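One chain, chain A, links the two complexes that follow: it is found with chain B in the first and with chain C in the second.
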Partner chain A sequence: MRYLAIYIGTILRAINSLRKGMKLTGYYFTHHKEIVTHQYPENRKKMFIGDRFRGEVILTHDENNEHRCTGCSACEIACPNGTIRIISKFEIDPETQKKKKTIDEFVYHLGMCTFCNLCIVACPTDAIVMSKDFEHSMYDRKPLTKILNKRGSKLMKGVE
Partner chain B sequence: MLYDFSILTSKIHEWLFAHCSPAMALLLEYVIIGTCVIGLCVFLGVSFVYMERKVAAFMQIRLGPNRVGPKGLLQAVADVVKLLLKEGIIPQASDKFLFNLAPFIVMMVAMLALAPIPFALGLQMYDINIGVFYISAVSSISVIGILMAGWASNSKYSLLGAMRSGAQIVSYELSAGLSIIAIVALAGSMSMNDIVESQRTGWWIFKGHIPAIIAFVIFIIAGTAELNRAPFDMAEAESELTAGFHTEYTGMRFAMFFLAEYVNMFTICAIGATLFLGGWMPFHIGQWEAFNHIMDFIPPIIWFFGKTFFLIFVIMWFRWTFPRLRIDQLLTLEWKYLMPISLANMILAALVVIMGWHF
Partner chain C sequence: MNANEEIQDLVEAHEEDFVINIGPQHPSTHGVLHLKVKLQGETVLDVQPHLGYIHRSIEKMCEASTYRNFIYLTSRMDYLSAHMNNQACSMAVEKGMALEIPERTKVIRILMSELTRLASHTLWWGALGLDLGATTPFFIGFRDREEIMDIFEESCGARLTMNYNVPGGVMYDIHPNFQKRVHTFLINFKKHLPEYDTLLTGNIIFQNRMKGVGKISAEDAISYGCSGPVARGSGVSCDIRKWFPYDGYEGAQFNEILETDGDCFSRYMVRVREMYESVKIIEQYIDAIPEGDFQAKTKAVLKLPKGEFYSRVETARGELGVYIISDGSMKPYRIKFRSPNFSNLSALKHMATGGKIGDLVAIMATLDLVIPDIDR
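For the complex of A and B:
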């Protein structure tokens, strides 16, 4: 008798839990407002992308064409697959007349990047960030090798 | 009677016999029926693929296909065209004859099971007095096609999937059959037409109350299991066996299995609708004459397809809600739960019939 009670109890509990599941999916089926899918090419103008989205690495420049990269190559060391390469040069500072290390080219191979965010974490001066731009498809891989520092850009004062 | 298809069919019959020799006329009738069945199968396949994808999408808070054609309506057609154009690869180590034969057997069985289903008043391919028995007999042949596919592919995944499918269909056939017997006992006939006719005053799920409701639930569960659909998709088992018995199939041969699965789904749901929900009979409430007359104006074919599509929706709802069962859980469910319950239910149904407790 006790066995039969357990047996029927199992069936009833099973039916109840299945009913709960069907209630939820039934709710989603009838309430289309819950759908969060983006209609991508149409909503390009007013697309919502989260703050933590990782599109590509960019070197931020301010309005005076100055960046914050000191050429320490911490990002180059942090990168697990050799995506970043920093070519530095020595310049003579016009004020102090001392030799100073600055970047010549910040080379970024977008095609190899895994968007792991380690370079951004490693950067001591917060010079590089991840942008939200994600439309990177190309017919040729040459444009994917990018030089991030703009032509004639300088190191921002007071960064080192 | 409104909307009687037997007038149309008998007119075609008479016209053919008046204009051709009897043998020729019979052959032409077969051709017409065959064309209708193939057309129905293709229509069902295409519409179910679209329905399945849309239902799945809405249940998972997605949009589903919406690019090809208005609201994605042509997506299924595009898929069919793609499958038609694909290369059919036959594995080198396979048993070529059985490998090619298997999809045809599965498809043939699916089409054969459509024969005794009354689609509307007078619209029935083959009215035999043991219609229900015929369907349950024929639909179990499909397991031979599946085993054949699994064996002939010469692949471990295919064989495992086919073996599981065999175990599953053989065990679930029992409770499906026993739940059908409850309704056969209530209706007092095995002919699909008589069963529909016995529901003129009300559907069996209402008239037969407790035994009919239990039988209906068991039938839907066992039917889902017989179809090899999730949550009972042991034969396909995407996560373990890549695609189960049709792992090695490509192109049109794969499409045959796919189509057969959907036609089988239609058949199971059509049987469910015929036995429990009154087939093409309109919905009637006791003495409400006006209401009953309004219901009579809706053509029987719409009633039939409406009920069938409702059951198909329920089965899809199961698929996109419930977690999958393991193979031992699957057999436990059948032999420890469904089987004893349906046996007890059969006795209850017999008692109800003898004592005249049904309405």
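For the complex of A and C:
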């Protein structure tokens, strides 16, 4: 008899505790202001992305098609998985007639990048930054190997 | 006797017991854990974990990269406490170089660690509800975690694998919005914490599924090498933050949570009560971040002197140890990680044997396993 009383009591208390939980669920069901879910593809324009977000590495160019990369390979050495490869060439400066090292191609393998930010920290001239673009999915892996310097771009004056 | 007869004999000998495989792809194993479970009816006779499905040889990869480069890899071990993993590695390298880190860095590291702990425990709480068949906790847990992730995204640049710690300090100073956002988060989170108790802790059905299930005594917890909330649920005082304070935890005012029953419910209660303690630590430091540098000055190429260096931190799952042997060059000669999940998993057989198969899921949920940390 005592066992039965405990058994029924437990069922009643269980129903009561379920009611408490369902009350909370019901509260969120009826209060639409509490909804925190974002509808992803629709909210692209007003999406919050922090300033330091690591999307992909880009080489910044100004309006004269000039970049700040001197080809020092600090990022290439800092990268843990060989994502960056810099192919440099020697150009003769028209003013001083001296040989100068410049980049020919800044090759960036996005498919291998782990977004650890070590290359950005290593860069002495702040030439590369992380963009906020995060939608990287592709049907083919070839476009993931990128050449970051634009065609015909030059080294900015005053950057050593 | 031919082969068919042999099989027939084997089948007859084990007619009552049968073996089922849980995983490698199973929602309740939280990853690629493969459990070979021997059952008699519904009673578990034996549990055998099979590991190695997500082994990436992180230790070996670390030995091939320099002291500055290997740290990012460790956030792929226990991804839910990525910040603490990075901190442990940074601390081991700092110990080797005999580097003093600035006061500001210490406070930033504490704040980030405790936020990571909260993020990890909220996710665990949601996944625990999901494992036991309740869907609402998952959304409640993720709602609070999302706010922490946004804070990380703003200050560290990434949400999960942050790579915020570097030898000598942190990568960037905290974002100007950091303090404001943490304050907003604390107000919201303290308002939401009682909901956690309403939904699961106070629920009688939930309590009956957790109480007295998966018992482990303090002696067994020690001999299996359990640490973190699993050991503290059995009454073993093992909080590294209290016993061997690191990076400014000496001054933090908080209680070490201990429960004595050693069953699933006490492990659950340890984690829930730890969330309150983490909130307490964050409140203590958020308005008292000292001014100064966020990074000590280091050389471009780090070299450790010959010798052995060990550092340990308390992650969200237990004690993580990093052991570095240096031969004086740019790269570590050997690295060994003592991961908390591997030792916690070894206690699973002891906890589950004799119980029912439904309890196995509850035990695994309260062990809070992260499989990439077990395999590394």
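Please note the rule applied: the second predicted complex is superposed on the first by the 123 of 160 C-alpha atoms of A that agree within 3 Å, B and C clash if a C-alpha of one lies under 4 Å from a C-alpha of the other, contacts with A are read in each partner's own complex, and residues count from 1 in each chain.
Everything that follows uses one rule, which is that contacts are C-beta pairs under 8 Å (C-beta built on N, C-alpha and C of every residue); 3 or more make two chains touch, one makes a residue touch a chain.
Everything numeric here is computed off the predicted structure, so don't read it as measured data.
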| item | value |
| --- | --- |
| Which of chain B and chain C A:147 touches, first, second, both or neither | neither |
| More chain A residues in contact - chain B or chain C | C |
| Chain B versus chain C as contact partner of A:52, first or second or both or neither | second |
| Touched partner set for A:13, first chain B, second chain C, both or neither | second |
| Contacts of A:36 with chain B and chain C, given as first, second, both or neither | both |
| Partner chain(s) touched by A:26 [first = chain B, second = chain C, both, neither] | first |
| Partner chain in contact with A:159 - chain B first, chain C second, else both or neither | neither |
| Partner chain in contact with A:110 - chain B first, chain C second, else both or neither | neither |
| Contact residues of chain A, present in both the chain B and the chain C interface | 18, 21, 24-25, 36 |
| Residue ranges of chain A touching chain C (in the complex, touch as defined) | 10, 13-14, 16-18, 20-21, 24-25, 36, 48-54, 78, 80, 114-118, 121, 130 |
| Complex interface listing, chain B residues touching chain A | 55, 58-63, 317-318, 320-322, 337, 341 |
| Contact set on chain C toward chain A in their complex | 65, 68-70, 72-73, 136, 143, 146, 150, 153-158, 161, 163, 166, 171-172, 175, 195, 198-199, 202-205, 208 |
| Chain A - residues contacting chain B, complex | 11, 18, 21-22, 24-26, 28-29, 32, 34-37, 39 |
